[in-house]
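Heads up, the next two complexes both have chain A, just with different partners, chain B and then chain C.
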Partner chain A sequence: MLAMLIGLPFTWIVAAFSNVNSPDWPSGFFLRRQSLSSIRSTASLKSCTLVLTPMSPLTTDDIRKVAALARLKVSDDEIGRLKQQLGEILQYVHRLDNVDTSGVEPMAHAVEVTNVFRADEPRESLPREQALANAPQTDGRYFLVPPILNDQ
Partner chain B sequence: MKYTVVVGLEVHVQLLTRSKIFCGCVNRFNPDEPNTQTCPVCLGLPGSLPVMNDEAFRLSLITAMALNCQIAPFTKWDRKQYYYPDLPKGYQISQYDLPFSHDGWLEVADESGDAGGGRKIRINRAHLEEDAGKNTHDESGRGGDSRVDLNRTGTPLLEIVSEPDIRSASEAKAYLEELHLLLTYLGVSDCNMQEGSLRCDANVNLHIHGDGGTGDGGSSDGETVATPIVEVKNLNSFRAVETAIAYEAERQQQEFAQTGRKLGDPGVSKETRGWNADRNITFAQRGKEEASDYRYFPDPDLVPVTVHEEQLAAIRRELREFPAARRSRFIQDFELSAYDAAVIINQGEAFANYFEAVAQSCGDGKQAANWVTQSVLREVNERQTGISEFPIPADVLGPVLRRIVGAELTVKSGREVFDHLLSGYDDGIEPSGSRIASLIEEHGLAMTADTGEMDAAIDAAIAEHDRAVADIREGKLQAVGPLMGKVMRVLKGADAQVVRQRILDRVNET
Partner chain C sequence: MSLTTLTTGELLDRLDREEATSTEVVTAYLDRIAATDEQVGAFLHVDREAALQQATEIDRRRAAGENVGSLAGLPVAVKDNLCATGTPTTCGSRMLEGFAPPYDAHVIARLTQADAVLIGRTNLDEFAMGSSCENSAFQSTRNPWDLSRTPGGSSGGSAAAVAAQMAPLAIGSDTGGSIRQPAAFCGVVGLKPTYGRVSRYGLVAFASSLDQIGPFASDVSGAALLLEAIAGHDARDSTCIDRRVPAYSQTVDQPLDGLRVGIVKEHFAEGLDPQVEQAVREAVDVYRSLGAEVKDVALPHSQHSVAVYYIVAPSEASSNLARYDGVHYGHRAESFDDLADMYSVSRGEAFGDEVKRRIMLGT
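Now for the complex of A and B:
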């Protein structure tokens, strides 16, 4: 299960921790939410800031919260291990704090390419058997999942 | 307790593209063949990459323009993370802080129905995202597995968010109807609510006005207080929108009277409620606060999009007339009532085109509106066809009405021609201009301009009805009836009023 988190692209993991509602959290590592009006006034990325806040240790509740958001069940043992390993990852990321970005324009993407489009032309889809092939459970027509409460 | 209902609507509309937003799977409603319209991209398989459908973005721009929105020169897509079985990637590709459009408005006809007296409902933003799949739950109560169909996953979805400018349940319905009309007019969506192409959530609360200390609710210092905001999910018909908001207003009023809970009180957060269309009630859904931590961040798989003025100008040149503009033009150019104009426009673009062609052909907009909104609409509905399959095309109805306008045919005779054209069509005779002429000839419907012919018929009738003539001379004008019947049988196309007056004149002359 740790592998599930660690195996994700680097950005995913950080994102998973970026907006969690805890005062000590390294929040807003990514583009932080700005009021819409400020974005509209410039209508460009210039109004988005990269915010890094001082590092503080992860807590058990932090791990539980992130696990709950990912619908992962974690044991107490695992929480201890995850806390340490994810803490180390975050610490590594926080080395970026040392970079002086004062004169750097924020960017929305790592490559400076825009407007990549595809023509609206349908292509063949996968046969159903192939679409369902990796599912833990199917009835031959649908993916089957544990019951979801009907109130969502 | 005096209060104002405050409503903002979030509308999700599926775009009419041929393929999905990020992959080549066909974009088609197909619940009967689940999981047959998927591929590695929309299944969220590792290593697959999304590529933006240019038509989805173009339709989005068209819609934003029609909603009078500002188009952002730079826009990007973000990942909205949540874990749900109908979302195989574990995140939805959506737009967060830089939506492609914002700050527009939609004019909604005033509740009085007055032309031009509409209210502008501001649009906060419209952004482009992907739809999720569809879960079906076990309804047996035995806790069986839920079934997931991913055919819908990746359907281009436009989210249109209004400002909380709507002030009543009926205005919310009117807003949604206007939006529905606009989107179908533009051809950006089929807006089929049964199939989920158009879906609506409503944010509802009340502004309770101070009672100045009279003690019947509200704040005592004359100020206005707001009740906590409730989001009512999945309002998927016009009726549901209207009844759910009316219900919610009533419920919030009662709740406020009991608890006094206000927006902004400690521990008061936005509540999510569902709508039960069978029982006509909203119901509390399990707390979503825990789950609504979406941790947005820019999607590294999709590059941003920049929009240039030339591109917008090109789209603008191709835009069709918006329904609201056309409605105003009909009122202006054809002297229609706001009501008639709305009836015609609300039938859709093809119907409005039909009306316009008939009105131009006969030269009398009001006459055309009367026919189109009554006889034609009734027949179209009875025959359960669209106007484009209606047997009498505009270039046949136009000449019929032109004869009425030109006093060659009475309205009554015109209806007779109309009915003969339809019944003839049902017998295999195609309605046409020459068919009109032969029907008028065959049934003697031409309006008699020849007074000699009319007088001869009247004199013959007078000669046969001594008794009636005597009665008329004594002032019993209703006795003219049998005489009229006789004359009208001879002169079928004659104007009854003219004939009546002429009979009275002749009786009194002789």
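Now for the complex of A and C:
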């Protein structure tokens, strides 16, 4: 879904982020929000080179595509609900289009931080037995998964 | 007077003066849980025997004159999204039902070093996504002050446990208000530390650039003591800040002279409940009376914070929750077509609505 927002300038996202004090979402939020302006992406989700222009709401195909990308099996009922709920959230997020961040310094952290490195040396890792202990299926040595390629 | 009505400081005094043993303190809280939690629903998992065993060991060491940690013998409840070796860690999700981590989170190790007694695991909105404790796959937690109301969330189990005197101290995590909001709803002290103050190693990740672990307590001194125990550098979390940890518990009673408190005028906007505003204004008066300088400040962009959160948090959640693939741990569906379908069906079956919504939004 948020791939649709990639066309937005990054600087204002960071500028607004520096003031984040947001609540975790109220659970009833999705049903209370009314449509603001109707906006969506013109490009396909696959390309990830998206530009925002005002258009019609999310389609069932959009939801199916994102669910497939997220590896989530969703029922037809869920698709209907998600279409409405996610559409409303995206419209709400689009209010950020109106923020003027020209001349605002990007900021990502309240404390000055630098990248952290460590020596690339072998270290002790989790014993195999413990690593496998929570797996749904193993042969005692490896994680087992269903066939990746179907027999042709 | 029952031990469970005492503050952390009062409990420590009694333990230090040998007027109470850890076994007595822990028993009192376990009994309180047994009598109260059926109504409140704060705990997902309590191991009475393991808690009493820890308490007995600390009593033995104290009696033998050995050095004991800063939280020696005190019960601490822990939100069920922190890994502890061999202890169920469900994150309130069917996805992790039956999962028992093979290692300790940094905060769990620090609590153990401080000789705290880990009394139980508290309920949360699934994967810490929510603000009411109604999005747990297992149970809803109720507000101990009024069982018809929510304790808030996502750390609602920890907040309710402290409010109902089922634990003097509790650990929560806060991504977008998940400690602060339930603390307010339950009338207890809760703090989201500055990002990087506490190591996130072993905290089940939701939105890594926002997640932070913090304390709950019935008073400020207790929260200061707990934060002091869990804060500090840990190389296993590369975002953890390497700075000295002040002795919060030693300075907490000092006057607030020289401290400036900013009151964000945008937070007193339309939609604010008059009773809430009054309570906040009264708290501001308390800060002022303790010597703090109170100043009005403007954060004109704060109106956009929720919209920004909707971008940052779901994007990171989508990435973080991609690890639940039904292969290494967590739920695997019984019936599916092939590998890709196994991923989709397993995730579709085991994630709740709110988690699915956020993964979709961030994908």
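What we mean here is this: the second predicted complex is superposed on the first by the 80 of 152 C-alpha atoms of A that agree within 3 Å, B and C clash if a C-alpha of one lies under 4 Å from a C-alpha of the other, contacts with A are read in each partner's own complex, and residues count from 1 in each chain.
Note that in this section contacts are C-beta pairs under 8 Å (C-beta built on N, C-alpha and C of every residue); 3 or more make two chains touch, one makes a residue touch a chain.
As the structure is a prediction and not an experimental result, all values here were calculated from the model.
In the superposition on chain A, A:Thr114 makes contact with chain B only, while chain C stays out of contact range. Touch criterion met: A:Leu69 reaches chain B and chain C at once.
By the document's definition of touching, of the two partners only chain B reaches A:Pro122; chain C does not. With both structures placed on the common chain, the touch criterion links A:Arg141 to chain B but leaves chain C unconnected. Overlap of the chain B and chain C interfaces on chain A: residues 15-21, 30, 68-71, 108-111, 113, 116, 118, 126, 131, 134, 137, 143, 145-148, 150. The touching residues of chain A, counted against chain C in their complex, run 1-3, 5, 13, 15-27, 30, 63, 66-74, 78, 82, 85-86, 89-90, 92-93, 95-96, 99, 108-111, 113, 116, 118, 126, 130-131, 133-137, 143, 145-148, 150.
The residues of chain C lying in touch with chain A in their complex are 99-103, 125, 129-132, 134-135, 153-154, 175-178, 181, 194-196, 209-210, 235, 238-239, 241, 264, 267, 299, 301-302, 304-312, 314-315, 318, 322, 325-332, 336, 338-345, 347-349, 351, 353-354, 356-357, 359-363.
Against chain A, the residues of chain B that register as touching in their complex are 17-19, 23-27, 33-40, 43, 45, 51-57, 70, 72-74, 76, 79, 81-85, 90, 96-98, 102-103, 124-125, 135-139, 143-150, 274, 283, 285-286, 288, 290-291, 293-298, 300, 302-306. Contact residues of chain A toward chain B in the complex are 9, 11, 15-21, 30-31, 33-34, 36, 39-40, 43-45, 48, 65, 68-71, 108-111, 113-128, 131-132, 134, 137, 139, 141-152.
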